[in-house]
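Structure first, then comments.
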Amino acid sequence: MTDSDADVLRFEPDAEGDPSKLAYTFGGFEPLVSVRPGTVVSTWTMDCFAGRVRSTADMVSEVCDPRFLNPQTGPFYVEGAEPGDTLAVHFRSITPRESRGVSSTVPLFGALTATPFTAMLHPALPERTWVYEIDTGAGVVRYDALDSPYQVDLPLDPMHGTVGVAPALGEVRSSLTPGSWGGNMDTPEMRTGTTCYLGVNVPGALFSLGDGHARQGEGETCGVAVECAMDTTLVIDLIKGGPPTPWPRMEDDAFIMTTGSTRPLEDAFRIAHTEMIRWVQQLTGLSDTDAYQFVTQTALTPIANVVDTNYTVVTKVAKRFLPDIPVMHDIHARWRRP
Amino acid sequence: MTDSDADVLRFEPDAEGDPSKLAYTFGGFEPLVSVRPGTVVSTWTMDCFAGRVRSTADMVSEVCDPRFLNPQTGPFYVEGAEPGDTLAVHFRSITPRESRGVSSTVPLFGALTATPFTAMLHPALPERTWVYEIDTGAGVVRYDALDSPYQVDLPLDPMHGTVGVAPALGEVRSSLTPGSWGGNMDTPEMRTGTTCYLGVNVPGALFSLGDGHARQGEGETCGVAVECAMDTTLVIDLIKGGPPTPWPRMEDDAFIMTTGSTRPLEDAFRIAHTEMIRWVQQLTGLSDTDAYQFVTQTALTPIANVVDTNYTVVTKVAKRFLPDIPVMHDIHARWRRP
Amino acid sequence: MTDSDADVLRFEPDAEGDPSKLAYTFGGFEPLVSVRPGTVVSTWTMDCFAGRVRSTADMVSEVCDPRFLNPQTGPFYVEGAEPGDTLAVHFRSITPRESRGVSSTVPLFGALTATPFTAMLHPALPERTWVYEIDTGAGVVRYDALDSPYQVDLPLDPMHGTVGVAPALGEVRSSLTPGSWGGNMDTPEMRTGTTCYLGVNVPGALFSLGDGHARQGEGETCGVAVECAMDTTLVIDLIKGGPPTPWPRMEDDAFIMTTGSTRPLEDAFRIAHTEMIRWVQQLTGLSDTDAYQFVTQTALTPIANVVDTNYTVVTKVAKRFLPDIPVMHDIHARWRRP
Amino acid sequence: MTDSDADVLRFEPDAEGDPSKLAYTFGGFEPLVSVRPGTVVSTWTMDCFAGRVRSTADMVSEVCDPRFLNPQTGPFYVEGAEPGDTLAVHFRSITPRESRGVSSTVPLFGALTATPFTAMLHPALPERTWVYEIDTGAGVVRYDALDSPYQVDLPLDPMHGTVGVAPALGEVRSSLTPGSWGGNMDTPEMRTGTTCYLGVNVPGALFSLGDGHARQGEGETCGVAVECAMDTTLVIDLIKGGPPTPWPRMEDDAFIMTTGSTRPLEDAFRIAHTEMIRWVQQLTGLSDTDAYQFVTQTALTPIANVVDTNYTVVTKVAKRFLPDIPVMHDIHARWRRP
């Protein structure tokens, strides 16, 4: 399937002016644009710092307003989306907008530091900022140590850390938090070529996205990836009715994937694995215990993040172990470009 | 480096007779054999059920004695090993001894069930046993559903779930538990071609191994992999002195790896990542915050198990991001056969 | 201090009509009434099931709509309240409105069952409903077993499970969840004679309350206390400026108390204890380590709940160990009736 | 019941000489003395630092050997004790041996600091030592701040932090760790007048005790209570057969109590509460759900410690809610002195 420029909806976020106009929550914001299912959208996202961290001298705690972290592009109102449906978002391309990304340590944020929730008596670790040169042609980002001459090129692997819809039960959740609505899952699997499935909780779904990463490790240990603004082309599609999607799922050419986001981390694991077992059962008709056994021997289980207000675990099963079984009405295959 | 048959020490575990003669703990058993560092050992291990589960009609709770689960081959006394040294165990080959492996659900054991520790009021899930045909020539194990005709071949990927030494502080720990001494880590990374590094806590280290898996998924969700007896050839070597190895590490041709085993799972993550940061610092001379940043962007973080009495997380960093830096005195490269 | 009827503001929740008109979130609802600091308010609250569970034949999963659980009375707009201020709510009386309370097991809810977060493969535990006769004169509630003739009178100890304000960062949170804004903390300390301190996050604070319990055990193990509608008289007061109150605090005649609400439970503990250490430092001028030591030897630490979407721990220090030190401008002493 | 001096077995630990001769593990040590069930034992215990911390200038990390922390008096071999039996230990008196107790912060140990398990990148908190004057006549210990003149008398409440038997499955566990065998539970409920019930795992039970505290708060937040040597008189008795005691239980004149010791803290809670539900069922014949409901409304749930290698939660139910029901063959009433 191809699409000419004429078929592509261009959406420009209003990022130049007042940051308070952008969306910092899932739920709680009026939709900015309405799209029909199957629309190809071309847009861009600000980095999680709203562009305010520009050099190794810029400290997050000094240049950023905590109320305006992780701005989202959207929300998009998806026509016809109703609670119980499943939104399908296919990432056709995710490309850094600039030739630099930034990372940092942020006081009392991250996996290996005291935080407001893992509350301790330690003073904060030192606050530092790193700048990564991004070479999209060579497909690398350059790690450049601050305190020694160590440099090394790492593979560019652009992704969106934050992708989600309005939550259920009338809740409004910060764009810093992941959960059943998606949000700040921070998984590197959310890259070009992946389709993300999100259960719809409110009419129109109210989808938004942001938090581009030029790359990240699994766990996002210090809490901050190689953050950058992104040019992104995505397809927003809809699966009406059918079995619900209680937690976000993903699919790429090789894997089906489930997620769980909560605390402690073993509960995030339990969610992701029960979701995978239920999905495998839907696909194969396996019994409860047969599906439990199948997933036990086939799952890959990379940790996504252990730094956000909820932690995220991903579970993957290779589609080659599920031969000739259509997944989610083949929606991924339909939108996947060769 | 090659070794003739003459150089190989054959060690035969006394598995035919009284199961109470085998080792079921790390620590607490007298060494059965003494080896010089650098010895190539050929041996074999029983499966975790001591061979008592033979068909889909054999239920673990009926055929196994809970005192005699997960028998270990060893302990090996390593000559010259002293507290503070590091044992290096290179797995040259791990091959199923038989053409079948077994898996099962065990009452109140596993990640998605109430257990004696995650104590609940639910009755146990149904107890079932699966048998997998192993085709070492084709390199596959066959999943065969019990309640429907679903069958699929999965890649054979033999490994040892349990590898360890005597613990510190005079403790003796069940072979069902992983920790700083190694033990039942249940990571699929412990395969042919991997070198495992274990800190020595007592004179002679008292190394043993067992719990062969023809394959497992990450997390070992139901608590039982494709269990089988293994023929294993390994090199037992020793690094005298040097920086200590507080938690087990691994190395293969592509990655250095650390482990953490505790509860909750986020603490296992924290151990594995702090260990990786300290290791990267030793290798590169990076400062604390630079190493924190480096690992944040480069780590892979597969979960090993969420089912044992402690949970295990593995952290991996690609050696290509650490170019031309010798790791652990190049001991892996020395023993690695092309 | 006394107050005549003329000084008491009567607020009648609109509970008779459409349940969708009541508040089910903290944040997200317009205030229904405005009060000046120091106002004595007389009002009442529905039970957490909105009165729909009336007999042992009423099952929560059949008679309740999950969107309309735990209705709150409010929100109250507190005049002059600004972010950074501290709301003080003193409970002058909490009295069951009816002569019966109810409790129940709810499928996949509670501490000793699989839940949507501690996701497992178990079917739900049996759903049951208990009815407790409440004798306010004798001060008892009667436990009456369903499956045997066992009966026993337990002390009546009325309290509010849910007390809170609008959260920070534009979030809107379900009334089933506790956190830094208060909410569903489910601590029996929130009884007659207690003053609760809540940090203000939005102009007017937007205070509401509900979820009356005739009594509960510490932990609220099955997830449901002895639930009943309550007649409540409270004083709503305000502390302008001063040190912030990041997590809810309480005070009664004998103790100062802090709370932490998150997962895992040890992090809730860590929050409550660091908050207590900081509070003790403000009161006494003790150094960091001296306050750490003081709290270590003096704290009582009852668990409040391990069943809600966040778990709550309370930490108490006796005021007799802090002699002659005014707490929170003596606001508790001022409103406390002899 | 009374006992003359002639009936009392005096046991003198060999604490004056080589500390390596004392017991630092549960399991792994030969019994030092054999007692018949019903024996009244008079003995004493060293403090957890083996007496090496004597003044505010003594830092634990400098004066103590980590291999010789928390020495235990025992093990006692209890004649006739077999696996499946229950040991009953009644504390008749626990009295500080000296007029001073000590507390301290220990690097990377405690609830509000990074530890080897909650591994972080923070440097250790400052190491300090406090000395408490103990006035047994007045029944107080004096808190004396190091950095300011703040002093306050706290109630003397002597207890044993560590009480246990040899573990199951051939394990040997450090005296710093609590678990199903008892060990370092650090609950203030283990005071004069309490009877502790411990399941027997090996012939003779191999009971030992230590870690006297002049008092502690619930949670033992900084990891160290008011530590002191104790003169203790206890009755060691035995319940043959009967329902097993999988986790330690306690009883005093007012309460029956269960314990759970593991991580995360919610799992310790789950153990303690399921144990209480099972115990209540044994005592009352209540059905599963009726007992779940009863405990939900009656339990008190103080946290014992969140600092040891496992965390401990205690659950208490008042005996007045279980009228006229004999507990554990009335063994507590029999040994309880008026």
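First chain written, first letter: the chains are A, B, C and D, and each begins at residue 1.
Everything that follows uses one rule, which is that a residue touches a chain if its C-beta (ideal position, glycine included) is under 8 Å from a C-beta of that chain, and two chains touch if they have at least 3 such contacts.
Owing to the predicted nature of the structure, the values given are computational and were not obtained by experimental measurement.
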Of all other chains, the one whose Cα centre sits farthest from subunit C: B
Whole-Å separation of chain centres (CA-atom averages), subunit A against subunit D: 48
Whole-Å gap separating subunit C and subunit D, where each centre is the average of the chain's CA atoms: 33
Computed distance of Cα centres, subunit D from subunit B, in Å: 35
Residue numbers of subunit B (touch at least two other chains): 112, 118-121, 125, 263-264, 266, 270, 273-274, 277, 292
Touch-based graph of the chains, sorted into line, ring, star, complete or other: complete
Interfacial residue positions of subunit A with respect to subunit D in the complex: 112-114, 118-123, 125, 264, 266
Interface residues, subunit A side, partner subunit B - complex: 103, 105, 111-112, 125-126, 128, 130, 141, 143, 145-148, 150, 152, 154, 215-226, 263-266, 269-270, 273-274, 277, 284-287, 289-290, 292-303, 306, 311, 313, 315, 321-323
Subunit A contact footprint on subunit C (complex, rising order): 24-25, 27-28, 66-67, 116-121, 169-174, 246, 260, 262-264, 267, 270-271, 273-275, 277, 288, 292
